[in-house]
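Sending over a structure as structure tokens; questions will come in a sec.
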Amino acid sequence: MENKKKIELYRSMLLIRHFEEKLTELCRIERKLPGMVILCTGQEAVAAGTCAALEKDDVIISNHRSHGHLLAKGAEPNTVMAEIFGKKTGCNKGKSGTLHIAVPEVNALCTTTVVGGGIPIAVGTAFAQQYKKRRQVTVCFFGNGAADEGSFHESLNMAALWNLPVIFVCENNVYSGAQRMEEHTKVKDIAARAAGYAMPGVVVDGNDAEAVFKATTEARLRCLAGEGPTLIECKTYRWRGHGEADHQAYQPKDEIARWMERCPVKKIERELLAAGAISNQEISELEESIAKIVEDAVRFAEESPWPAPLEALDDVYV
Amino acid sequence: MQQITMGQAVRQALAEEMQRDPNVFLAGEGIGVGIHESPVMPTFGLLREFGPDRVKDTPVSEAAIAGLAVGASVLGLRPVVEVMFNPFFTLASDQIVNHAAKLRYLSGGKSSFPMVVRVKTGAGFGAGCQHSHNLEAWAAHCPGLKVVMPGTAADAKGLLKSAIRDDNPVVFIEDMGLYFFPTPVPEGEYTIPIGVADIKRPGRDVTVVTWSKMLGVAFKAAAILSKEGIEVEILDLRTLLPLDKEAIITSLKKTGRLVILHEATRTGGFGGEIAALAVDEAFSYLKAPVKRVTGPDIPVPFSPPLEQFYIPDEHQLVEAVKSVVL
Amino acid sequence: MQQITMGQAVRQALAEEMQRDPNVFLAGEGIGVGIHESPVMPTFGLLREFGPDRVKDTPVSEAAIAGLAVGASVLGLRPVVEVMFNPFFTLASDQIVNHAAKLRYLSGGKSSFPMVVRVKTGAGFGAGCQHSHNLEAWAAHCPGLKVVMPGTAADAKGLLKSAIRDDNPVVFIEDMGLYFFPTPVPEGEYTIPIGVADIKRPGRDVTVVTWSKMLGVAFKAAAILSKEGIEVEILDLRTLLPLDKEAIITSLKKTGRLVILHEATRTGGFGGEIAALAVDEAFSYLKAPVKRVTGPDIPVPFSPPLEQFYIPDEHQLVEAVKSVVL
Amino acid sequence: MENKKKIELYRSMLLIRHFEEKLTELCRIERKLPGMVILCTGQEAVAAGTCAALEKDDVIISNHRSHGHLLAKGAEPNTVMAEIFGKKTGCNKGKSGTLHIAVPEVNALCTTTVVGGGIPIAVGTAFAQQYKKRRQVTVCFFGNGAADEGSFHESLNMAALWNLPVIFVCENNVYSGAQRMEEHTKVKDIAARAAGYAMPGVVVDGNDAEAVFKATTEARLRCLAGEGPTLIECKTYRWRGHGEADHQAYQPKDEIARWMERCPVKKIERELLAAGAISNQEISELEESIAKIVEDAVRFAEESPWPAPLEALDDVYV
């Protein structure tokens, strides 16, 4: 991987990390953020690595843990933050909130908080891409828990049958809500299910952005060659609770600590430093510039007006 | 005018819209191969005519079929997907209700989902309650959807064409009982707007609000009642959502009496909505209790005499009308 | 009397019935581990108390969870399974509607399915429309099911115990808004019969029919109206199916005026059924139009001012009552 | 396998064959049989072989193609036939008809015509068996088409996770409605999906009753040993259309002919004759006795009264 690309990856992950750490902070202030705030801290390499392998026109379908996906795909931090705050200037006018933010401008077309609900939709967008003979793919993000939903099964079967240009990215962060993987399925690797649809299934280190990037790039090429979908399982870990209200009592402290040592952001940072591709000075500057982006986004959100109550009636129908 | 069945009318609408707009495609279980390869079926011959890229036979996977439509429509295609029998709507309902109906709202109006879900419904085929269960009231309770349920072949054609051109998700429900009897359908291009009810028979004494196959029952009852000097106004809703409230109220202003007729089971059926509208917005015009003639509150039974008992008929309607007129 | 929340009342009912009958078991997503380990949650601590054989944390698989209940109940167990949020009812709906509700009928009365599906519902948590969507009207349209929707902690406890002992499938819907405020609940063993509505406040001027969390809104409005000399009778349905028609009609005979209040969206909501009943069977007693105060026909929005706009409040109810009384 | 047991198997298959051939005949008479009649002619070895491995207390959950399963499990031909006719004396009082016949008397507890709908229910009955610590298993019959439904996936995952005593019998008759296997999935063997749940998956010749019996027996022992579920895929073929109204235009004539040569009933008959376990004379007698059972069943059904219309209102609630 070129250094330039790798720095991009690093930058993307840093943005996600800062953005979400700010959300954690804001959640500690009572009534600052409405609703349930669900973060991907620790999983940034999946979002960044995947999206770095995509073109702007490629589509992503996301789930309840979407902030990373959206930012990595190029969404504007300001309007995403405003949406999380529920403000009128939010990218969905405050209708969506943190759980189902869609950013059509960057082809983050549909985000759904129904677990597994995005997978059939990804089949649909990929179908449209194939139907229109576009050189585009769809990436569908979902969790290990979602892989137990019927929708996963129906969708992977259909996508394989029709050789659709879709990449199923299972972000296996060990947990599904408060249940560990082994408490919700007996299979060791979700990727093993791909064989049941005659589809390639790949396991990658989800904390290694470069590995995720490579796997996605390969899968994308298969899609574009008309060879159909791939299931990529990214093994990673959720540093925080299911949502910010979750006290993580069920997550062993040493397990969290072990995974924090394998921090995906630090990993790529170390590699870049070792390769002499970036200096400590440049890192500081980058962090500062990103901190500013996030500060600006929060300020934008805070200073934005609430939607007027009657706006609730808009946008139901075309 | 041509005489065709509703299945054939649906087929014409599909074929014409597919010719008109390359973004229209069809998907469903056996819609191409046709389990019972038969010209009464609405997708008969379309695979041959439009090829396998545009007529997709799918696995038996209702959720994926509905999701296919959601995803394809947000990228600008106009999918028309089929739910084989209304009870299987349950299996597709997360995609239709939580996604097709809500994702536009959730996007703040940025995205749209121009898709049609065709649902086959109706008792009378000895298929039992897992094939026969009218659930139009479910869809009509979901903002973001439009719900169309035609009672004639001519309406079906014009409404389906509108549904396909509509930029919102439309649930289009076809009663299979209408697949077997030819009725007149205009030649050539026409559409019928969604959301507009139709007075199928004017009359001064009592308004019968109905939709879908029950329209035929209403006509039979009206003929009987007319001989006894009672003139029924038959208002065919055609669209349940958005509801043409004005048409209902206008008719009630004239007749002051209302009987609602639908095949679905009574409790929680969409008839309640019509009654509620009447007793709110047309209260001062009502001269008599509002009656509902509906399927009883049971699953649709298999055995012919039991199934016949289930389906509302003209005699029940005649009786209900008399009870409010006399 | 103890002061507990509805979540705690549900928990007591579950614990007591599990102690009483070894055939009762629980299953659902995170019901044991508890995503937000919190004593307000209805299954809090039950895993510790009854062990993993009787409190089953399941994969995220709504159809399998509901099917688990169907199959376990036909062999004589009494499953109580949880649908985490009402919109996910869609994913379980084939098992509940086409199987739990119909298989007894299909067996000719030979089998029974004594199961309870607990559904959490209600807007007000900033969770948006894929978590908040009141769909009680769907279940109440399905013969073979019973549908219970309590408005107080005391009712919840007694009704849930009856539901667990009932030999029919019961959909038991809990509004999470009631999980946070303690109200009085009798100590010790008691049950409340399914199918019996309750006059929560007698009054001579107008009947407000409501259920679930909206009961609190009705009380607030009644207090305001009382100061202006208008006495509201609050009829809490508690059970939607079977519907206590008699209670509604009896109240209407007294007041002659009806306002229906529910949080679900208006069109196709269960309020229509109540209005239809009134305008049919109590027509001659009605002195004024029947009004409905409900959620507007939109998905539940996220942003606090929008969500607040969605949820019906006492001011809307006061206005509706005045419009029919004055 | 003992000859006695094998003769039982043969008898069971003969009964199914005769019963259904009679239904084919009756379907040719207009308005004789209401509704859609769906037959398993050619697939008898699956029903017979599976049920022969079960005890009476074991549960079966069946689907739209149920007649074979029910008869093999020991259902009374008279009341099943009467149910198919829609008569009051039918085992479900005419409420069910051919598509969802349940015979609780022989633990054919639930039959559903919702494709895939029985699979979660089988998880439930197996759960009850485990919960009550009974030495019993559940067999769930479903088709290759049903294996594409989400319910299949959720159920197999849950059953494996909890080691439930359930045997998933996928009756792969090549078709799902009018679609061939390769038109609805890319995978060659449905049994391959078992690995995705860490469950054993077995392929057997579904036209060899003895092989089916053996596979079921082994799976049953695994269940009883607390080792959990098995997925058995029985490769077989549907001689007739999807239902009797289906003209089978899509089924190649020579394909049907090839499979008819592999008739499961003839196969076991040949083997019994070769082993000297049965004589031609005995076969004739058996056929006659079975023909009589079927004739009697038809007579019983024909002479039975219709249910009275108002009976439609019964049996909704306990």
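Letters are used for the chains, namely A, B, C and D, taken in the order the chains are written, and counting of residues starts over at 1 for each.
By definition in this document, contacts are C-beta pairs under 8 Å (C-beta built on N, C-alpha and C of every residue); 3 or more make two chains touch, one makes a residue touch a chain.
Every value quoted in this text rests on a predicted model; they were computed, and no experiment measured them.
Following the contact convention of this document, A, B is the list of chains adjacent to both subunit C and subunit D. Subunit D has its Cα centroid 45 Å from the Cα centroid of subunit A. With centres set at the average Cα position, the gap from subunit B to subunit D is 36 Å.
The distance from the centre of subunit B to the centre of subunit C, each centre being the mean of the chain's C-alpha atoms, comes to 30 Å.
Counting partner chains per residue, subunit A shows two or more touched chains at residues 90, 94-96, 100, 112, 114, 117, 148-151, 154, 157, 161, 183-185, 316. Under the contact definition stated at the top, the residues of subunit B that touch 2 or more other chains are 58-59, 61-63, 87-88, 91, 94, 98, 105-106, 128, 130, 143-144, 297-299, 301.
Because contacts link each chain to all the remaining chains, their graph is best described as complete. For subunit C in complex with subunit B, the touching residues are 87-88, 90-91, 93-94, 97-98, 101-102, 105-106, 128-130, 133, 135, 137-138, 140-144, 241, 243, 260, 264-265, 267-276, 278-281, 283-284, 286, 288-292, 297-299, 301. Across the interface of their complex, subunit B is touched by residues 34-36, 86-88, 90, 94-97, 99-100, 112-117, 145-146, 148-150, 176-179, 183-185, 242-243, 245-247, 249-250, 306-313, 316 of subunit D.
Against subunit A, the residues of subunit B that register as touching in their complex are 25, 53, 56, 58-59, 61-64, 66-77, 79, 94-95, 98-99, 103-112, 143-144, 146, 166-168. Remark: subunit A residues 59, 61, 90-96, 100, 102, 104, 109-112, 114, 117, 119-129, 131-132, 138, 150-151, 154-155, 157-158, 161-162, 314-318 touch subunit B in the complex.
Against subunit A, in their complex, subunit D makes its touches with residues 148-154, 157, 160-161, 183-188, 192-193, 195-199.
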